[in-house]
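Right, one structure below, let's go through it.
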Amino acid sequence: MDFNLNEEQEMLRKMARDFLTTESPKSLVREMVEDDKGHSEILWQRMAELGWMGLAFPEEYGATGGSFLDLAVLLEEMGRACLPGPFFSSIVLGGMTLMEAGSEEQKQRFLPLLAEGKVILTLAILEEDGQYDPKSVKLTANAEGSDYVLHGTKMFVPDAAVADYIICVARTGGSGSSGITLFLVDAKSQGLSLSPFITLAGDKQYRITWDGVRVPGENILGEKDNGWIYIEKVLQKAVVGLCAMMVGGAQQTLEMTVDYAKERKQFGRPIGSFQIIQHHCTDMATDMDGARFITYQAAWKLSEGLPCIKDISIAKLWTGEAFRRMTSLAVQVHGTLGWMDDHDVPFYYKRAKAWELWLGGADFHQDVVATEMGL
Amino acid sequence: MDFVFTPEQERFRAEIREFLEKEIPPEFRRKPENNWIRGFCPELSRKLGQKGWIGLAWPKKYGGQEKSYMDRLVLTEELVCSGAPVFSHWFGDRQVGPAILAHGTEEQKQKFLTGITRGEIQFGVGMSEPEAGSDLASLQLRAIEEGDHFTINGQKVWTSGIHNAHYIYMVARTDPDTPKHRGISELVVDVNLPGITIRPLKDMTGEYDLNEVFFDNVKAPLDSLIGEKNHGWYQIAEQLDFERSGVERLMSNYPLLRDTVEYVRKAGLNKVDWIRRKLAQLEAEFEVGRLLVYRVAWMLSQGKVPNYEAAMAKGYGTAFEQRLSNAITQILGMYGQIADDSEDIPLIGRAVSAYLYCPAYTLQGGTSEILKGIVATRGLGLPTK
Amino acid sequence: MDFNLNEEQEMLRKMARDFLTTESPKSLVREMVEDDKGHSEILWQRMAELGWMGLAFPEEYGATGGSFLDLAVLLEEMGRACLPGPFFSSIVLGGMTLMEAGSEEQKQRFLPLLAEGKVILTLAILEEDGQYDPKSVKLTANAEGSDYVLHGTKMFVPDAAVADYIICVARTGGSGSSGITLFLVDAKSQGLSLSPFITLAGDKQYRITWDGVRVPGENILGEKDNGWIYIEKVLQKAVVGLCAMMVGGAQQTLEMTVDYAKERKQFGRPIGSFQIIQHHCTDMATDMDGARFITYQAAWKLSEGLPCIKDISIAKLWTGEAFRRMTSLAVQVHGTLGWMDDHDVPFYYKRAKAWELWLGGADFHQDVVATEMGL
Amino acid sequence: MDFVFTPEQERFRAEIREFLEKEIPPEFRRKPENNWIRGFCPELSRKLGQKGWIGLAWPKKYGGQEKSYMDRLVLTEELVCSGAPVFSHWFGDRQVGPAILAHGTEEQKQKFLTGITRGEIQFGVGMSEPEAGSDLASLQLRAIEEGDHFTINGQKVWTSGIHNAHYIYMVARTDPDTPKHRGISELVVDVNLPGITIRPLKDMTGEYDLNEVFFDNVKAPLDSLIGEKNHGWYQIAEQLDFERSGVERLMSNYPLLRDTVEYVRKAGLNKVDWIRRKLAQLEAEFEVGRLLVYRVAWMLSQGKVPNYEAAMAKGYGTAFEQRLSNAITQILGMYGQIADDSEDIPLIGRAVSAYLYCPAYTLQGGTSEILKGIVATRGLGLPTK
C-alpha cells in the first residue's frame, strides 16, 4: 500500500501546475468559453512541445511511454486549471480508442501525429437518448463496395469543430452490443454537419448529422461488428480520466474556500472561526480526500492492468457527487461573491455539474456497482 | 383547522389565472422560473395595479384592498407559478411597502404606497456592503444629517433591482459614534440624485440582476428617512421577515418541477424506478414546504408577526429549490448540461438555468447559516453564549 | 386556511397530556416493554372511562361521535407519551375496520363494547413477505357448510395476545385484490396459535398460525371477496393515525433536546450556544413543523372526507423520515447520556424507527405518490 | 502508488482467516457485529497473544513483532470483519499499549506491554466524567500525590471495558491549581484497589458495555503515573488518534452489509431497483471509507503521526455505519423492526442490534462535532477565533 505518487509523478504534477498557472490562467479559460471553438492553438502547441499529448502512448509511436496513472496526474492538473480545449477529447477519448482498436498501421500513421499535437481526434458515441448503452447506437453504416455510408445523428460530441478526425460508433448490423463498428472519419467529409450546443460549463459539444457520409472500409478501427468492446475499455479510461480532472477541480475549490474562510471577516472575526463554516470546510475536505483516494485507486489499478470495473464506477459515483457537493458549499462559504461571474468559483461549480453527468451519472454507475456486487 | 382555501379565494385564484393567461407577454412564458425576480415588465405591473392586485392587504386609502394575507398568498402563488414578470413591483409590494406602512409618515405613505399599488414605482433594495454581508449591522455607508438633507457616502453591493428602479430602499449609518446596531436608519432615496453611480454585476447565470451602487456626496432630503432615526436596525427585522416569508422562496422553480413531471411522462421515463422515486420525493418535500410557507401567510392574516417561522420557511424552501434543480439535471442526464433554448432540448435548458441560479437562494435575504441561528435563538430560545 | 386546532381539540389535547403524564409515565412504559402482553388493564379502563375508546365512533353506538381529527389529536398525545397497550390496534386498526366493513348488526353488537373498552380487537393483514399488497394475502378461507375454515400464517399482528377478536384478511378465491374477505375471529378459536416476536420498540407483535380455524359465515365483515377495499380505507386512517403518534413523539423529542441543550454546559457555556448544536436543533424544529402540518393536513382532509391519498402517503413518507432524523440528532445532542437505557430518548429513537417501517416504508409511499402524480 | 497489499500481507491475511475460522467460538459467529467491543473471550486473546498477534508493531522485547502498521491493519480488518471476540485485549493493543510505549518507563513497558501481548491484561478506559464529556479538559477527578501514592477521588462515566478489566487507563487532575489543560496526568490504576466501585450502565441495546466508576480515597502507587506529571493532556492527543483511526470505526457492521447483500440475492430482492441502488451506494461509501482508514494506517507505517486524518476517518466511518444500519432496516421492511434471534427472521435481528448500537459511534472517542472541528483547525488551519 502506498498513497503517494512517485517522484517523477510529483515532478510532472509540479511542472504541470506551474505551466498551467501561467499559460492557462482563468482569463484564458474565460476567453475560451466565449470563443466559438474553445481552442487555443498556441497553448495546444506548447503542451505538445512538453510531450503531454504523447505522455501515455508507447515510445514506438514517437511518444513518451508513460503510464495511465501519469496521464491521470496530468489530467488532475488540467482539471484544477479548468484547461480549455480538446485534450480530453483528442488524447483520452480519441487516442485511447486508437490504441485499443487501431491496427498497427493505423497506430503508426496517427499516434505520432496525435503525440505531436498535429492531429486532433474526438469520439462520437451518444445519440438522441444520451445513454451509454450499445442498444442506443442507431447511426447506420451500410457497405457500398469497399466503402461505408453513414446515416444518422450523434449527440454531445466534444470538440468536434476542432477535430481532424471523428471516431464514429456506428451500427453495421445486429442489435445491442454486436453489430457495432468504429469508423475513423475525416471531419471534412461531405455530408457531415455540425451544430453546436450551448453548454452549462462553456465547453464545446456538437450535434453531428451524418447524411450519407462516405468512409473507406480501411478506416474501420478494430474488428468489424465488434466495436463495442473497445468502447467499453475506452470508457473505463475516460471515466477515470474525468475523475482525475474532478479531483483537480475539487482540490482548487477546497483551497480557494479555506483561504477565503481565513481571510473574510464578519462579526469581527474570520468566518472560518465559526463552527458551521468549519464544518462546511471539513465536509469539503472529507469529500476531497475520499475523491482523491478512490480515483487514484482506480487509476492505479487501470495502470497496472488489474480488474477494476467496480472501482471505476465507484470512483465516478463518489467523485461526481463529492465535487458537486463541494462546489455548492464553496459558493455558500463565499457568499454572493462566489456566485458572481467574475469569480473563479463558478468555473468549478459549472464543471462539477457537467462532469457529474458526463460518462454516466450516478444512476448508471450505481447499476454497474450493483451488478458487480452480484445483485 | 382548515387546509383549503375558501370558495372566494378559489374564485380569486381563477380570476388571477384567467387574467395572467391573457396578460403575460409570450416572451416570459417560455421560461417561467424566477420571473418574479428576473421578469421586468412595468406594463404588467401597471395592469395588476389597475386590478388592485398590488398592496392587496394594505389600506384602501393607499390603493390597497384590505384583503387578508391569505388572499395575497393566493395571488403571489399564481404570479410565481405562472412565471409572471412582476419584478418591477415585487420589492415594493413585498417588503418596502410594508416597511413604509409600519414606520413611514402619512406623506410617505401617500406618495410611495399609492405609487406602488399603481405599479408605477420600482424599488431597488440596498442592504449588503462589501464588508457587511451576514454581519449587516457593521455597515459603513453613511448618511449624515446636515441641515435639510442627508449627505450619503459609501457603497452598497449585491443591490437587487436597482437598474430600472426609481428609488433605492436602503439602510445607512446615520450615527457613526454609537455602537453598531444603534446608529442605523432606513432610507428611501431617489436613484436619480446626483452622485449615485450604479455598476451592474454579472452573475454566474450570465445575467445582471445585481449591482454595486456608489454614493458620492449624495444629498437626499430629510424626508428620505423612514421611521425613527438611528432606529433602523430594530425596524428592519420585520421587513426582513416579509422578504423571507414569500412563496417565491419555495416556488421559484415550481414550473420546472411541474413540467419535468410532464416531460418524464411523455418521454416514457415514468416507469424508471429511480426517476419515479426522485420526483415523488421532491413532490413530498414541496408539499411540506408549501405548508411552512402557508403558515407564515396564515400568521400574518391573523395579525401575528412571523418571527422564526419566516426564517424556517426560507431556509427550508431555498434548500429544497437547490435539491430540485440538482435532481432535475440528473433526470435529464446529458441533456441536464445543455443550455440551448431549443425545442429539441428537453425543457429547453431551463434545468441548467435553475441549477445556475439556485446557489443564490440560500445566500440572499439572509444566508441559511444566519437563518438557522434565528430559528434556534428566537424560535427555540437557545442561548447566544 | 387555519392551522389551529379548535377549542375542544385544544382541551382534549390538554386533558390527554395531563392524564398521560400522570397515568402513563415512562416507568409504566418501561414496565410494559418488559411485560409479556404490554397491556395495563387499569390504565385501559381509565381511558375507557374518559371516553377515549369511543371518541371517533358515532353516537348511535354509545360513543362520542368525534371526528377523525379529534382522534388524531388524542393519538398525538399517546405518541408523545409512548402509551403502551392496544389502543392503536383495537380502536384504529380494529374499530375502523368494523366501521368501514361491518353490518349494522355487527356494529350494534361490537362498537358499544369497543367504546367501553370491554372488547379488544386487532387486525391481521400481513403475511410472510411483510408487504401491504393484496397479492400477498395467501391465508385461505374455505367454505364448509355455513362456516369457513382458515389455514395459513399472519405476521406482525399487533397486540394479538390481548385481543378478544382478530379481524383476519383472508383469501376466499381469486388473486390480487379480488377474492379477499374479512373475518371477525374469536381469538380463543381452536387451531389459532400465537408466537410472539421480540420487537425493536418493545411493542407486542405476533406470528399467528391458523391451522383449520373454523369461523361462522356470519362473522364475515363486509362483502365477501371484496374485502380489500375496506382495508385500503382502514390503512389510510391507520397511516394518518400513526403519523399523529409520530408527531407527538417528535414534539417530545424536540422539547427534551432543546431543554437539554439549554441546561448542559461544556467549555463553560450551554451547549445550545454552539452554532452546530443550534443548527441541529433548527433542523429538528423544521422536521417537526413539517411533520406536524403535513400530518394535520392529511388528518383534516380525511376527517372532511376530501380526496387525500397522495397527502396521506406524503405525510407518512415525510413524518417517518423526519421523526427518525430527529431522534438521531436527539441522541447526538444528548451525548452518551441519550444512548443509555434509563434515559427517555431511546423510547423515541426506537419508536421512530419502528413506526417509519410500519404501514409502509418510504419505498411503498414513494410509489403511491408517484402513481398519484401520474407517473 | 500502490493500492494492494503485498503477497506477504495476503499470506498473513490468509493465515489469520484460517486461524479465526478454527478459533472463534461458535456463539460469537452468529452475530459478528461489534464483537471487537462486545465480544469478551480472554481465551481467544491469549491464543492470539501466543501467535504474536497482539502488539504486532511493537518492539520484540515486549512481545511485539516489529511489524508494520499495514500488517496490523490486515490483522485488525480480519478480526473486525470476522466478528472475533477480541475485546479483552483491544484497548490494550489499540491505545493503552501505544500510550505506554510512548510515555511509560522501562518498568511499565516490561510489565504492561508484555502482559498485553500475552493477552493477559485487560484495560478499561476512563476518560469522560459527568461534567466533562466533549470538554474533557474540565475533568474533576483528582489524583493527588501524597508521599508514596496518589490519592484518587472522583467519578468517571461511560467507562468502557472496565467490568472484566485488570487496570483502568485514565486521565486525572493531578494539579487542581493550574489552568485546566495543565494539571492533567495519565494513570494506569489497578481496578482491584480498595475504594473503587464500578456500576454497570445499561444502554439502549439492553447491554452493559459502559459503567460508572467511583473512586473513594483510592491509594494508587506513584508508578501508576504514565509519562510526565501534569503533562497528560499533551500526551493523550496521540493516544486519541490511535483510538479513532482503526478499521472498527468503519467496519463494525461490515459483516451485516456483506450478509445483507447475500440475503437480498437469495430472497430475489436484487432486482428491486431501489434496493440495488441503496446497496451499491453503501458499497461505494464503504470503499471510500476504507481508503480513509487505510491512509491512517499507511501514515503510521511510514512513521508519520496521523492528526486530522484520524479524526476525518472516524467522522466519516461512524456516519457511514449509521447510514448503513438505517438502510438495512429499510431494506428489511417490517422485518427491520424484529429483533428475534431466529432463523425465520432475515439476518436474525442483527439489523435491529446495529441500529440500536450505531448512535454510540458518533459519540464515543470524540463526537463528530468535536472531530469536525479538529479537521478544520488542525487539518485545514482554520482559526479558532
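Just so it is clear, A, B, C and D label the chains in written order, and each chain counts residues from 1 on its own.
FYI, a contact is a pair of C-beta atoms (placed from the backbone, for glycine too) under 8 Å apart; a residue touches a chain by one contact, two chains touch by 3 or more.
Everything numeric in this text was worked out from a predicted model, so none of it was measured.
Taking A-B and A-D together, the chain pair joined by more C-beta contacts is A-D.
Comparing the centres of all chains, each the average of its CA atoms, the largest separation from chain A belongs to C. If you average the CA atoms of chain B and of chain D, the two centres end up 51 Å from each other.
One simple way to say how far apart two chains are is to compare their mean CA positions; for chain C and chain D this gives 39 Å. Residue numbers of chain C whose C-beta contacts span two or more other chains: 274-277, 279, 363.
Shown for chain B are the residues in touch with two or more other chains, namely 274, 277, 369, 372.
By the touch criterion given at the top, residues 1-5, 70, 261, 264-265, 270, 275-277, 279-281, 283-285, 287-289, 291-292, 294-295, 297-298, 301, 312, 315-316, 369, 372-373, 375-377, 379-385 of chain B touch chain C in their complex.
By the touch criterion stated above, chain D contacts chain B in their complex at residues 273-274, 277. For chain B in complex with chain A, the touching residues are 128, 131-135, 138, 157-158, 201-204, 206, 210, 274, 322, 326, 329-330, 333-340, 349, 352, 355-356, 359-360, 362-364, 367-369, 372.
Every residue of chain A that touches chain D in the complex is listed here, in rising order: 1-6, 9, 69, 258, 261-262, 269-270, 272-273, 275, 277-279, 281-283, 285-286, 289-290, 293-294, 296-297, 300-301, 306, 310-311, 313-314, 317-318, 363, 366-367, 369-370, 373-375.
Taken together, the chain C residues at the contact with chain D in this complex read 126, 130-131, 155-156, 197-201, 205, 265-268, 271, 274, 276-277, 324, 328, 331-332, 335-336, 338-342, 346, 349-350, 353-354, 356-358, 361-363.
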